[in-house]
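Chain nomenclature is as follows: A, B, C and D, assigned in order of appearance, with residue numbering initiated at 1 for each chain independently.
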Amino acid sequence: MEGKNRMEQGNVLDGLHEECGVFGIYDFDGGNVASSVYYGLLALQHRGQESCGIAVGDTDGPRKVTTHKGMGLVNEVFTPEILENMHGDIGVGHTRYSTAGSSTRENAQPLVLNYIKGTLAVAHNGNLINAPQLRRELEYSGAIFQTTIDSEVIAYHIARERVNSASVEEAVSHAMNKIQGAYSLVVMSPRKLVGARDPYGFRPLCIGKRDNTYILASESCALQTIGAEFVRDVEPGEIVSISPKYGIVSDKSHCLPKEKAARCIFEYIYFARPDSHIDGVSVYGSRIEAGKYLAMDSPVDADLVVGVPESGNAAALGYSLQSGIPYGTAFVKNSYIGRTFIKPKQSNRESSVQVKLSVLKEAVAGKRIIMIDDSIVRGTTSDRIVKMLRDAGATEVHMRVSSPPFLYPCYFGTDVPAREQLIAYNRTVEDIRQVIGADSLAYLKLERLSDMVGGLPYCSGCFTGKYPLDPPTEDIRGDYDK
Amino acid sequence: MEGKNRMEQGNVLDGLHEECGVFGIYDFDGGNVASSVYYGLLALQHRGQESCGIAVGDTDGPRKVTTHKGMGLVNEVFTPEILENMHGDIGVGHTRYSTAGSSTRENAQPLVLNYIKGTLAVAHNGNLINAPQLRRELEYSGAIFQTTIDSEVIAYHIARERVNSASVEEAVSHAMNKIQGAYSLVVMSPRKLVGARDPYGFRPLCIGKRDNTYILASESCALQTIGAEFVRDVEPGEIVSISPKYGIVSDKSHCLPKEKAARCIFEYIYFARPDSHIDGVSVYGSRIEAGKYLAMDSPVDADLVVGVPESGNAAALGYSLQSGIPYGTAFVKNSYIGRTFIKPKQSNRESSVQVKLSVLKEAVAGKRIIMIDDSIVRGTTSDRIVKMLRDAGATEVHMRVSSPPFLYPCYFGTDVPAREQLIAYNRTVEDIRQVIGADSLAYLKLERLSDMVGGLPYCSGCFTGKYPLDPPTEDIRGDYDK
Amino acid sequence: MEGKNRMEQGNVLDGLHEECGVFGIYDFDGGNVASSVYYGLLALQHRGQESCGIAVGDTDGPRKVTTHKGMGLVNEVFTPEILENMHGDIGVGHTRYSTAGSSTRENAQPLVLNYIKGTLAVAHNGNLINAPQLRRELEYSGAIFQTTIDSEVIAYHIARERVNSASVEEAVSHAMNKIQGAYSLVVMSPRKLVGARDPYGFRPLCIGKRDNTYILASESCALQTIGAEFVRDVEPGEIVSISPKYGIVSDKSHCLPKEKAARCIFEYIYFARPDSHIDGVSVYGSRIEAGKYLAMDSPVDADLVVGVPESGNAAALGYSLQSGIPYGTAFVKNSYIGRTFIKPKQSNRESSVQVKLSVLKEAVAGKRIIMIDDSIVRGTTSDRIVKMLRDAGATEVHMRVSSPPFLYPCYFGTDVPAREQLIAYNRTVEDIRQVIGADSLAYLKLERLSDMVGGLPYCSGCFTGKYPLDPPTEDIRGDYDK
Amino acid sequence: MEGKNRMEQGNVLDGLHEECGVFGIYDFDGGNVASSVYYGLLALQHRGQESCGIAVGDTDGPRKVTTHKGMGLVNEVFTPEILENMHGDIGVGHTRYSTAGSSTRENAQPLVLNYIKGTLAVAHNGNLINAPQLRRELEYSGAIFQTTIDSEVIAYHIARERVNSASVEEAVSHAMNKIQGAYSLVVMSPRKLVGARDPYGFRPLCIGKRDNTYILASESCALQTIGAEFVRDVEPGEIVSISPKYGIVSDKSHCLPKEKAARCIFEYIYFARPDSHIDGVSVYGSRIEAGKYLAMDSPVDADLVVGVPESGNAAALGYSLQSGIPYGTAFVKNSYIGRTFIKPKQSNRESSVQVKLSVLKEAVAGKRIIMIDDSIVRGTTSDRIVKMLRDAGATEVHMRVSSPPFLYPCYFGTDVPAREQLIAYNRTVEDIRQVIGADSLAYLKLERLSDMVGGLPYCSGCFTGKYPLDPPTEDIRGDYDK
């Protein structure tokens, strides 16, 4: 992703942004869960770095819900004191990057609200494509909205359906009849933890277990972090309801035939952490595969394969394994460049890329380099990195990209630049090669994607413009201030 | 108020707390209003020091609403940078002390929300006595609540009524059919500024004007601060709608006969700023009157009349004028004792009262002192102050209180200690005198209240237990977390 | 002081600034003193609001010194946590307004340093007139300076003298042979608390006692606040050394004949708190006297005497007592206008004075007013206040000032505007009257000052240009950055 | 370094701590340098994360020095506003981890002081072994110390020598006759930038150039970041003085014969950034070499070589290259775990290592793993990581360490745990292997160090106990509070 990598704090390079991470936990033995939510969110920090929040409740006793949210990283928003004052055996957490709804504290999640049955906390990852219509309908019946996030639309539907439903999960099910688009949900009700995934399964959600404690998380890496075992993925369209009384109860009434699923392929390519498994496929493994296919389909004679840190590294390793060309390290990344980093101005002699990445001259001087990145969005960073390698003495620079050219907007939870800003828009691969100044350039072939994820059905709308659902006819970015 | 005075920052002494100040402004010429809201809120800071907020909107163009709220004083929450980024010709502001709804940032006002007609901002001063019932009814129809403040209940009713109303003021009027209790409201709709006061007129609200700019404010002192003229009070039960197209339009359909009004008498005694006029009566003047009546009804031979700063000073002046006994200053108040002041612990040699107040020995030594305070709540502070005067050499200390004994709870927007904590509960005046250690003690007679405010009808529920509305049958403090 | 009063936070009005408050304490029984320093500093906050600091040490055991300093008010710089982590039975504190040395955290006091005998903490109030020469001399012998405050010069001299002195107080005495100007010092050495006052006694310093704990403080008001008794003033030129072994030991070798003393008369007029006594004279009492003299020397027929809050109130009371004209209140001050208050811009419709002060119309309308202030510096505020009274309906406004016209710079610890900015510079009293728009104007006569302070010798350099010491020939404001 | 790597923020794992980074810059064309110091410090952040600071001066005009220092990372301490208010064409910067002198804001560097010739700013990396004696000597001549850092001792010597020296560099030279130990210094005087390195060259320092701007930096990586060219290293014992008038002037009078040099070998092994060159040797290259020697000296049959991120990666690559065993990635590091990360308590189910590192199961399952780390300090982290690999399915775990066993304290600028805490203390390699649970364990042989750094003389005191200078006889950690 042009040097912008999953591990990087904030949008320092011009890559894609993931949208959100969700986490839920319920300790049937009544232990406090706040700190486990904290560690879980740390493991999901790469999915959203703008704001975060935790809500915990007590299923026993006064059932008071304690919430803390703020702008910034999990590290910054939570102090030991805050965490210690959050008591309860059930909790949800959220890390957010805003794709719909502006970036303000009011829009931080989880959304905590009182409704007919007590307090509900909702954490949501994804984008509803019919949110504007649903908001209007609700407003026509007298609803008020205090945020500009889709989660409030979802919460309203759950609350309204709850009036005539036997349970919160039934209300969620009824709400799913109305909401359309990408969503992985974790809902904390007074005595149940509910998870749900849209019928296409755009965004991941999985179930974990640690002794008598149950967990819902966007990615399995969060389970490993808190010492929990992976139980299984929530299936596309499935609702799971977790409670001591009934254990894990599954409702698959919204599930579509398996081949209709449309997982976001970019979760594998770039968004998810390599140590996560999504729907049975290892993210790391899929990236190794992508690298191997690149080596098969677009071979080139060279001395060294390197990844653009850190998201290009796995594919670089795959390329090396397949081609036999040695794998190496060409870059040193400065990991102290955080969100509050002061970007160089035009008048400065420094550049952002230069401040963030250095080249290891001894590793590349005099060598023909194959440089692997996961994607090219605007191309400005790739251009600079190719030049840095040449300045360091690389004799040739061949770029390989472990995804197809990015050409169409995404309506399902990814923050995509306007089409005109995409380097692949209206350009051939040869055009792009010239812009970035590489000696050769090749992308992963579209037909390799299916094999890359072991045959799982996926959404490739951003490459093909063909979406599993009709794209929305109006702006869904959710700036509803009038 | 036992040394706790209106001007004091935070609840350092154990007095009563006012609840809120509201402010609204609309510049028909399109000028920016944010800084005038800021100065207006500074003038209303005494009405609430827990949190504050401003929302401004543009009646022209994109009609985007900008909001900033936070915990703390107006001075602390707003920086020049924040204020400069708030653009718009219409705005509302709020200062809050929580009487219902817990003290959290989520509960700060104004409440800003999107509804069928755009963005609404609601600022509210008062307490609804039927808020719990109204919340339940709303929840049964699928409403969700994100705060625990009454204002959200009011906003919901306005939003629901707006669906079938011709205008926002009509929706407010319909909402007023449902909500009961004390409220002064300022509502900012996309193109109108609306003010409303409950039919009993518990809390004040007035209209001001500066060139082509119209203002609504809890107290007239805020008008003077921003250089505006006082136009008139909003009448109990009146709704005013302000817009360039129609000017000030009044709806008096909710008004009761004038003698039914029930203004909070404590606004005159203690809450309001002395430079305010409420419903035609000068707050300062009413306090002078109270002091005069005390001198008539409870005379005593003495050398000096002093006020407990600062709320006792006006009554002390009145007492002096009537009795001919010289007025003087006995106390120096440390005005640097802010909200974040570290209170002495039991183990400290210092005491809170001592840190906040000093006695001017040369003023009181060898003298018989008449000390005037506006009220006695728990009595602990009065006790200390009497002792401090004696320690400084006063030969006699006669306490006079410019209000009747405080005996009953208030349900209409005042934060009242539990009855058992009130010193006057189950005690005669002579009992109280002994507790505080004064040589004599007298309260303002109940029958003087009417004259004190020039014959205006008022609520004296806290003295008599007789309320203009039936008190609520359930807890209305609004902690709805379940 | 033109509405700028001692109690006001920060330089919101354009008055004079006091420079510093010092505080020292030693508990011979080994109790912790940090919180008492905190409360003492709160009582001395009016002497300096830019920065503050506390250093405490353990005279027993490891003798570690803990220091905390910061920009801002005592309330803001100290949290309960910080205070609780400051352990020790001996301590010094300081509140600062910068008259020499720029306003930065580096320059906050007390200055804590290690020298030959351990750790020394120095708190200083005043200005040395030979600081630049002394700095140069020290630099020529290899000294380095990390601050731009005089206290570092003093500390150096103590440290150098200490090498050949038998005790810290002897070193202080030797240092006093070199330093010239205004200083009240509190020095904490590993096992002694030392206080010293310059031979002219420009700035106050007094001794207090609470059980077995000894206190040094700029003003006696700080003793009252912490529940200590006033023992006596440190005499001009005296050094006192306080230790369990020797009690209070006095060294008067630097004392001049009593008639040579040159106390700052502005301490009585404006700087000190009214509840303080300085060198046997009540500050409050001296202000009452000033008012009386004004009434004798400059009588006028009127209906009401009012003070500009709060520093004009005592003189107004004196005027009223002498003249028989009733005393009253004309102004309401907004005490929420703190240091961080956003001042109105030129483009605003509001003005600083208007935001800070309101007039009580009912108190002044139709009346002839005598308005008393302690001084006029630039005159801009007086001008506005006179106008505000007239706008409120006062038929006449007669201004009386409880000090002579301010005409010359001060080199002894007061922050004085440049001469050209002083309204009295090159203007007759009649000129000034016209500028401020009063119906009449009179200042306190110079010859009344002596009586006002009971015959104590004082410095009147700012009125007469005659100083007890030759003024410095170079800039002593201490901006030594080169 | 047991998972603690150079890039990691703060001491989250129990590794060694580097002490400081220094940076100086002088633009002969008069351009502002503050932002370049900022970017330079970002590149030196790995050398110290406790506090940082920048001082800039104007060599022309008023020559005012502006300083900003604070606790925390460069990112946190500097805002755009602060940086924009720092004007000047000459500047120094510092990043600090405290090895001597406690961790407080007072001790942050650069130390800025006024002395005979104006303002001096001193930035220092290293530890003086005779600092306590020098402090005492200075104190006996009346010196005062406001910090507990060695830099103040150095500054004093420069200031004292400056009195009788012709230039600041001559004063530095004279000071170097007295100070002993490890130091790389950057000194900003009013019109010169001076760099100096102790005669043994313990800590690095190099010179760079960008157009007409000259730079001094701890490591060459900082030159690359700001777009400057590497000119040369400052030699051990050399003083360089940089000014427009004389260019770069070198004084080698303190240089020892080249073979006497004693560079810290841990700079190559772990402290320095891999993209730096120190004294002609590539840090990255030396780590590759270390890995190769490990493969030669301690071969083992296995399926995969992995590095403990990130400092073990280069040596792992070297091992792979030499052995032919494939290089791979076994760990995912969570780079959001910053300094403010809340560490798991004993009662938590999470562990620090687990939160920071995850294992890529698919990469290691069923494989025999060679795991390379740069060092083992306490061993607790290695123990956990070995276990994590086994839990992920590794069939064998062979640990190789790219440095000899760490056995003795360091007195030259490294923060070393007490000897008893070192795992190698009193243990054989076989003992250690058992403690950490590896199948085999081998360290780099001592005799390989020389080849690893191309024959450069180095200090190996921490491995051998043989130091180039006699170790100090008293505690040099600099806690001088008494």
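Points to keep in mind about this one:
In this text, a contact is a pair of C-beta atoms (placed from the backbone, for glycine too) under 8 Å apart; a residue touches a chain by one contact, two chains touch by 3 or more.
Keep in mind that this is a model prediction, so the values were computed, not measured.
Shared contact partners of subunit A and subunit D: not a single chain qualifies.
Rounded to whole angstrom, the centroid-to-centroid distance between subunit B and subunit D, based on C-alpha atoms, equals 60 Å.
Mean C-alpha position of subunit C lies 48 Å from that of subunit D.
Among the residues of subunit B, none is in touch with two or more other chains. Taken together, the touching pairs link the chains into one ring where each has two partners. Put simply, subunit A touches subunit B in their complex at residues 63-65, 67, 106, 111-116, 118-120, 135, 139-146, 148, 152, 155-156, 159-163, 190, 480-482.
Subunit B meets subunit C in the complex at residues 7-9, 35-36, 38-39, 42-43, 45-46, 49, 73-76, 78-80, 83, 210, 221, 224-227, 273-275, 282, 284-285, 313-314, 317, 321, 326-329, 332-338, 340-342, 344-345, 348-351, 354-355, 358-363.
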